[in-house]
Structure formats: structure tokens, C-alpha cells
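I have a structure I would like to understand better, so I am pasting it below and will then ask my questions one at a time.
Each chain gets a letter, A, B and C, in the order it is written, and its residues are counted from 1.
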Amino acid sequence: MDFIVYAVTAAAIMTVLLVGQQLLLFDTGIFSLGGAAFFACGAYLSAVLSKNAGYPSFAAMLIAALAVTGIALFVGVLWLRTLRSDFFALATLALSLATVVVLRTVGPGGLTGMAGVPSFGTIVPPDVVPAPVQTMLLCLAVAILSIIAVQALRGQRIGAIAAAVRVDENVAATLGFRPLLVKLQIFLFSSFLAALAGAMQAHLLGVVEPRMASIDMIVLLLVGTILSGGKRAWGCAFGAMVVVLVPEVLQRVFVARAEPQWRAFLACQAAYGGVIIVMIFCGPWLQRFTGVRLRRA
Amino acid sequence: MFYEAIINGLIVGAIYAVVALGYSLVYSVLGFVNFAHGDLLAVGVYLCLFLSTGGLGLPLLIAIPVAVGITGLLAAGIGRLLLIPAAQKSSLAALLVAIGVSVILQSALAAVFTSEALPFHGGGFLGTTVSAWLPMKWLHVATLAGGVGSLALLWAFFFHRSALGLEIRASASNPRAAQILGLRREQVFTVVFLISGVFAALAGIAVGLDDQLIVPTLGFSLGLRAFVASVIGGIRSLGGAVAGGFLLGITENLVAAAVLQVPKLAPYAGAFSKDAIAMVVLALVLTWRPRGVFDRSLETRP
Amino acid sequence: MLEIKGLCKRFGAVGAVVDVSLELLAGRVYGLVGPNGSGKTTVLNLISGFYQPDCGQILLRNGGCLRRIDRLPVAARARLGLGRMFQEPRGIAQFTAMENVLLCTLPTGSDNLLAGGLRPFALGQKRDRVARLLSSGGLTSSANCRSADLSYGERRILDYLCLIALGSHLVLLDEPFAGADPSTRQTLTAMIRDQVRRGDTTVLLVSHDIPAVMEIADELILMDGGRIIMQGLPVTVTQSEEYKEAYLR
């Protein structure tokens, strides 16, 4: 029972993260590997604000998310204008990996990260509803809100313009739409969600580590985003569940067979790699189910 | 002090150059960044270890070429079966598949061999220093000579003389025109992967013998730095990638040497690790001159 | 409507456009002709904003006065009334014909979340206008087809409808008749004439299809080697010595 509560909570948090990534990649056509960087920064900032500066968890999460969005603004303005899509991906990759290095050296807790991050806290007294369940319901609420928000966004003018920008930036410009502005807004929105998810994760686990921005996280994000399909925000919930459950299942399998835990981690990574490759090639078949489209229009 | 740094820089630069060429070849001809390239490095050196001191006990003279050959074939196979079909869908698809392959390779190596560092000893002669005024080991001489030599060989004979080499250059400078001209696409692509795999293996073995310790993430880490080198030189420019390799090698060592001179920065020495420098350089280059130093392509038309 | 003074653009060592000066008046159709490589498309790209000129000025009439636009980005020039059609149909392939036209009717600021981006992308009050536009191009029956599924000619017409929907005053057409069958050509020509007659729109079209251009243009501008060789009535230009020289070389 505890595990189910934890899994649902973790999946809800991942959903928030993936919803933003889905919007960024599939709707606007921006391939960014920086989600992990914002995730980690949101986590660390919220952890520091609540543990060291004494802010209540909710306030810390919100402030952290907003602050990290500021970083995203700087990065976005710097790179979205001048870089072609594959170079932008590489620049954001550099951002994420550089974040790992920065967190390892000057981040609180150094190499191993920081523990003791306060939990979400409770709204209703814990004997009425247990604290983990309250946390779960809260995260679920945020996840559902973000799904609804993104789905609604797709039907708005900005959604149609973003699609136009994705298909052909030059044509969109001749129609009077500013590609940079559109991309920047979507980028900021997705970064906000990533940072918020990171903050939530920090308070769920009670720990922040530099690994949160590493290549492992980047791969996880990619798998989740691809599995979410391109069209429906609810697909992100599916992607999130897979991404949360695969490592857990593998861990239990390996522990049951008395093999060391690090092998489970390796198997998980290999599984992620395999999923990515399979998804790329089974695109058309999967499209009916999830709406994935990875071809250039 | 700086003299040493420059010499070390040249040696490391040769390794970077050779690996960077692999990235540049694949990017120019197929249009995507081959994330898996770096991990082939690790595959090469682990194979070599397995063949020699770690497993089968073959002498290095045999183990090295065998390992290099197998890695090259593996690279060609991955390219032919996975990366080329993905690149035909879109460059984004190929990039993602490359990431997938990279992750699988790393996990496989760690699972088969162990994720901790394994010792890799080269044998006595290579470890000895050349002389006092040339502070290198013979291994380093071999690396430098081998790197520069193979690049030069490749340049002179393959690219400028043989038909296949010309086709590779043509595909690299204008993939679409090459396609229209009906150049042997599949073969060209596969050979590109073969070459890059061979070079990666050689580079990995050189690094492994030098450090005397290997880890599965060696490939990813070195590959990333070599990739930065190719971006510096201009990822579309083959010569630029090579130049970028040497540039990065020398810069890295100079910066490291300079940092050691400043006592205040000592506690932050970790921050100046090679990976960190590479990341910062990558971000800077992409910000100010994404096309690289040597890229000569003109504005693109809408 | 449009004034160009001393425009020039080099690509490496090649002078694609050399000292071009032009004045386009409102309510007229201009044909820009010349052999391949004469710089016609470069001029279009310079006016619409995809290239930055190395020297010279471009001024566009907006409202009552001439504004310098050569430093403005593409989207800003579009908002000032400059419309551009490309050599190939470039409507948004996944959108239906109707959605494409609707996209062009969105007001300024729709690309900004805080200034109108958060309104539904739906017909609403624009229903009549969009329907009228579609019918003027003969696309009423294909209104709900994805633009990728339309025929080549229909897509060209759709592109032009979008320009009308945009309300552009200066319309740049790059080979509008290329690859179009006669009926499409007729429809396009009629639409262009209609639009020019109704408002103070100016059309500058680049084309190799001289008969089609002669039919529709009030004036021809002949370019060769990056310069304007001649400008005048279509009949005069096509019968001149310079014209024959330029094309025969």
C-alpha cells in the first residue's frame, strides 16, 4: 500500500515534468535536453529555501520554480534566437551536464547531495488522512491541473501559432508571428513545470543530489517524453508511470534473484535505451496508440 | 611547466582529433551527432583488455588490432542496422537512437565487466620515458605518432586518392548532391562508421594504456570532450574537427597548469576538471560561434 | 508604397544585388523579370527581411508615411503590411484550408500569451470572412481538408488567400504561376486583379512566365547581373534591345 502511494506520487510529479517537455518537443518543435537542469535547480533551490532558510515547503517550491524560470529566460534568450535545433539541443545538454558539475563542486552537500529536506507538510491533521496520502493527493492535483492547462493551451491561438512555428519558422514570420517570442514563452512554461516538478521531488524524497541533472535523468526524460506521444497530455501520465515503475520493478526482480542493486540500475538504463530505439522504429504502429510522430513534417 | 603542458596537450589533442573526426564525419554525411561514438571508445579498450591481460592473455601486439577490428565492425553494424535507417527518418530520430545505443553500450560494458575501474597495463617498454628534455613516455610518442600518422594517411590516400574516399568527401560537403549523383550511399555511410569506430577504438586503447585504469564511462566522458573539440573547429568541417581536437587538448592542459599556479583556486580544482572545462567551452562556442572556427558555409537561404 | 534606395547585397565575392533603386506606387502590379541569377529572388528576400542589405534603404508606406524597414525583422514587416508568397506552397500542412486562413486573420499580439494569445483558436466572429475568402478562391468544398491533401494549384491559391486575409498592402509573389495549371493561373490572376483594384494594394511579382506577367502587370522591371536594366510598360520592355540581350546571353 505504501508503495502504491509512493509510486502514484512520483508518477504525478513526473507527469508535471513531462507535460512541459511534450509541449516543447512535439508542439513547438524545440528539442531541448535542458529539462534535467531545471529539474535539479528547482529541487536544490527549494531544498535550500525550506531547509536552510526556513520557508514553508509550498512557498519554497513556488519561489524555486519561478526563480529557475528566470534562469530559463536567460538561457532561452541567449540560445533560441541563434541556434539551429540540433545545436540548441547540444547547448542545453551542455547546460545540464555543467549543472551537474556546478552542483558537485559548489552545491550544498557537494558530491553526495543534501538530505533532510522537509516534506510537504499537511493541510489536514495526519491522523485523519496520513501525510503520504495527502502528499499524493496534492501532487495528483498539480499533475491534473497541468494536464488540463496544456490541453487547453493547444486549443488557443498560441497553440496554433506554435504549431505554425514548428512546421516552418520562416512562413510563420511572414504571417506576422515572432518565432523567438513564441518559442521563448513555451520554453519558459516548460521550464517552470520542470523546476516545479524538481522541487516537488525534493520534498517527496527528502534528498537532493547532483545526479538529478545528469545524463541518466536526461535519458529518463527522453523516454518519458517519447512514450507520452505527441498529441494528448494524458499520454504523459502513461509515460510517467512507465518511467517510475520500470526501475522499481527491475530493482525488485534483481533483489529477488540476489543480484546487487547496481545491476538493476544498469538494466534499467539499458531498458530505457532499448525503449527509445524501439519507439523510434515502431513509430507508425505506435502512432495510433499514443500519437507519436518523430518524422519531420 | 607550460612546456610540459603543451606537450601533453599535443598528445591529448591527437586523441581528441582522431575522435572528433569521427563525430564530424558522421555529422557531415548523415546530419546528426553520433552519441554512441564515444562509447565505442570504451568498447574498444575493454575488448583489448579482455583479449590481453584481463582474459585471453594474448600479447598486446595481437590484442590491439583484433580489438580495433572488432570495434570497427561493431560500429559499422550499428550504423548500418540502426543509425542509417533512423537518419533516413529524420536527424532527430537518429540522434535519439544514438543516445539509446550509447546508453545500452555503457550499461552492457558495466554489466559484463564491472562498473568499477579496471587496471590496464601496457607492458614495460611503452611505459618508459624517452628522455629528460622530452618528458613523454614512449606510449605518448606512439600515440602522437599514431594519431597524426593515421590522420595523414587517411587524408592523403583515402580522401584524395581512392574513389571511395572522394565519395565520402563529396557526401560530407553536400549530402543531397551526392545522393542525386547516385554515389554509393549505403557503402559510403557504412565505411564512415567503420572508420570512426576504428579510430575510436585506437583512441580508447591509447587512453587506457596511459591512465592504466579504465571505467565504462570513459567513452562517454572522452567522447563528450572530443565532441566539443569538433564543435570548436566546426562540426561540418573535417579538417576543423581535427584542428579543434589539438586546440582543445592544448587549452585544457594550459588551463589546468595555470590553475595549479594560483593557490586561491586550489579548492575549486575539481570544478576545473576536464569535463567541466569542456562543458563550459561547449556552451561558449555554441553561444558565440556555433558554426565553429573553421566552418566556411555561407548564410542559408529561407 | 515602397521605395528602395541604393540597395546592395553580396554573398562572398558575388554581388547578387548591386545598387538597386526602385519606387513602387500604390494600386499597381509590377513584374520583376530577368534571367536566372539576375538577383530577383534576392531582392524579394531583402524586402521581406530574410536577408540584411549590405547598403541602402528600404522604405514602406504604412498609414500615411514612409517607414524605414530594412532593420526590422520579418515578422515586424509582415505586421506593417508586407506579404510574401514563396516559390513553393508553404501553407501549414497539418492545418486544414480553413485553419490556414484563420491563422492569417489573427490580430497582432496573438503570439504573445499576455496580449491575445490565450484566446481560443476558433472561427467565432470570423466565420463569414473566412468563408467568403475560401469561396473567392474556389476552396469552399475543400475547406476542411488538410492543406497537405490539396492539389498543388489549390495550395497556391490557399497561400494567396492567406495573404489577402493578412491584409497586406505590399504583396511579394515569388513565381506564383510556376507549376500551376491554366485554371489555377486564371484564378490567381483574377484574385490579384481584384485585390489591387479594391484597395491601395501593390503587387510585385517575380516570374519567368512572361505571357502571364504581361497579362497582369502594369509595369515591368528588368534585372540582370544584380542591377535594374530597365523599367517601363510591359510592351516597351519586352520589345527593347536590353531585354533581348539579357535573356539571350
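Assume a residue touches a chain if its C-beta (ideal position, glycine included) is under 8 Å from a C-beta of that chain, and two chains touch if they have at least 3 such contacts.
Everything numeric in this text was worked out from a predicted model, so none of it was measured.
Peer 1: Which chain has its Cα centroid closest to the overall Cα centroid?
Peer 2: Given all protein C-alpha atoms shown, the central chain works out to be A.
Peer 1: Identify the chain pair with more contacting C-beta pairs: A-B or A-C.
Peer 2: A-B
Peer 1: Can you give the whole-Å distance between the Cα centres of chain B and chain C?
Peer 2: That pair's centroid distance is 48 Å.
Peer 1: Return the distance between the CA-based centres of chain A and chain B, expressed in whole Å.
Peer 2: Going by mean C-alpha positions, chain A sits 31 Å from chain B.
Peer 1: Which whole number of Å gives the spacing of the CA centres of chain A and chain C?
Peer 2: Their C-alpha centroids are separated by 43 Å.
Peer 1: What are the residue numbers in chain C that touch two or more other chains?
Peer 2: 50, 86
Peer 1: Quick check on chain A: which residues sit in contact with 2+ other chains?
Peer 2: Each of 170 in chain A touches at least two other chains.
Peer 1: Can you list the residues of chain B that touch 2 or more other chains?
Peer 2: As it turns out, chain B has residues touching two or more other chains at 302.
Peer 1: In the complex formed with chain A, which residues of chain C make contact?
Peer 2: 48-50, 73-76, 78-79, 83-84, 86, 90-95, 99, 102-104, 106, 108, 110-113, 116-122, 162, 166
Peer 1: Across the complex, what residues on chain A touch chain C?
Peer 2: Chain A reaches chain C through residues 155-161, 163-164, 167-168, 170-179, 181-182, 185, 297.
Peer 1: How about chain A: which of its residues touch chain B in the complex?
Peer 2: For chain A paired with chain B, touching residues are 31, 78-79, 82-87, 89-91, 94-95, 97-98, 101-102, 104-106, 170, 215, 219, 222, 226, 262-263, 266-267, 269-270, 272-277, 280-281, 283, 294-296.
Peer 1: Over in the complex, which chain B residues touch chain A? Could you list them?
Peer 2: 32-33, 82, 85-86, 89-93, 95-97, 99-104, 106-108, 110-111, 115, 220, 224, 231, 268, 270-271, 273, 275-276, 279-280, 282-283, 286-287, 290, 302
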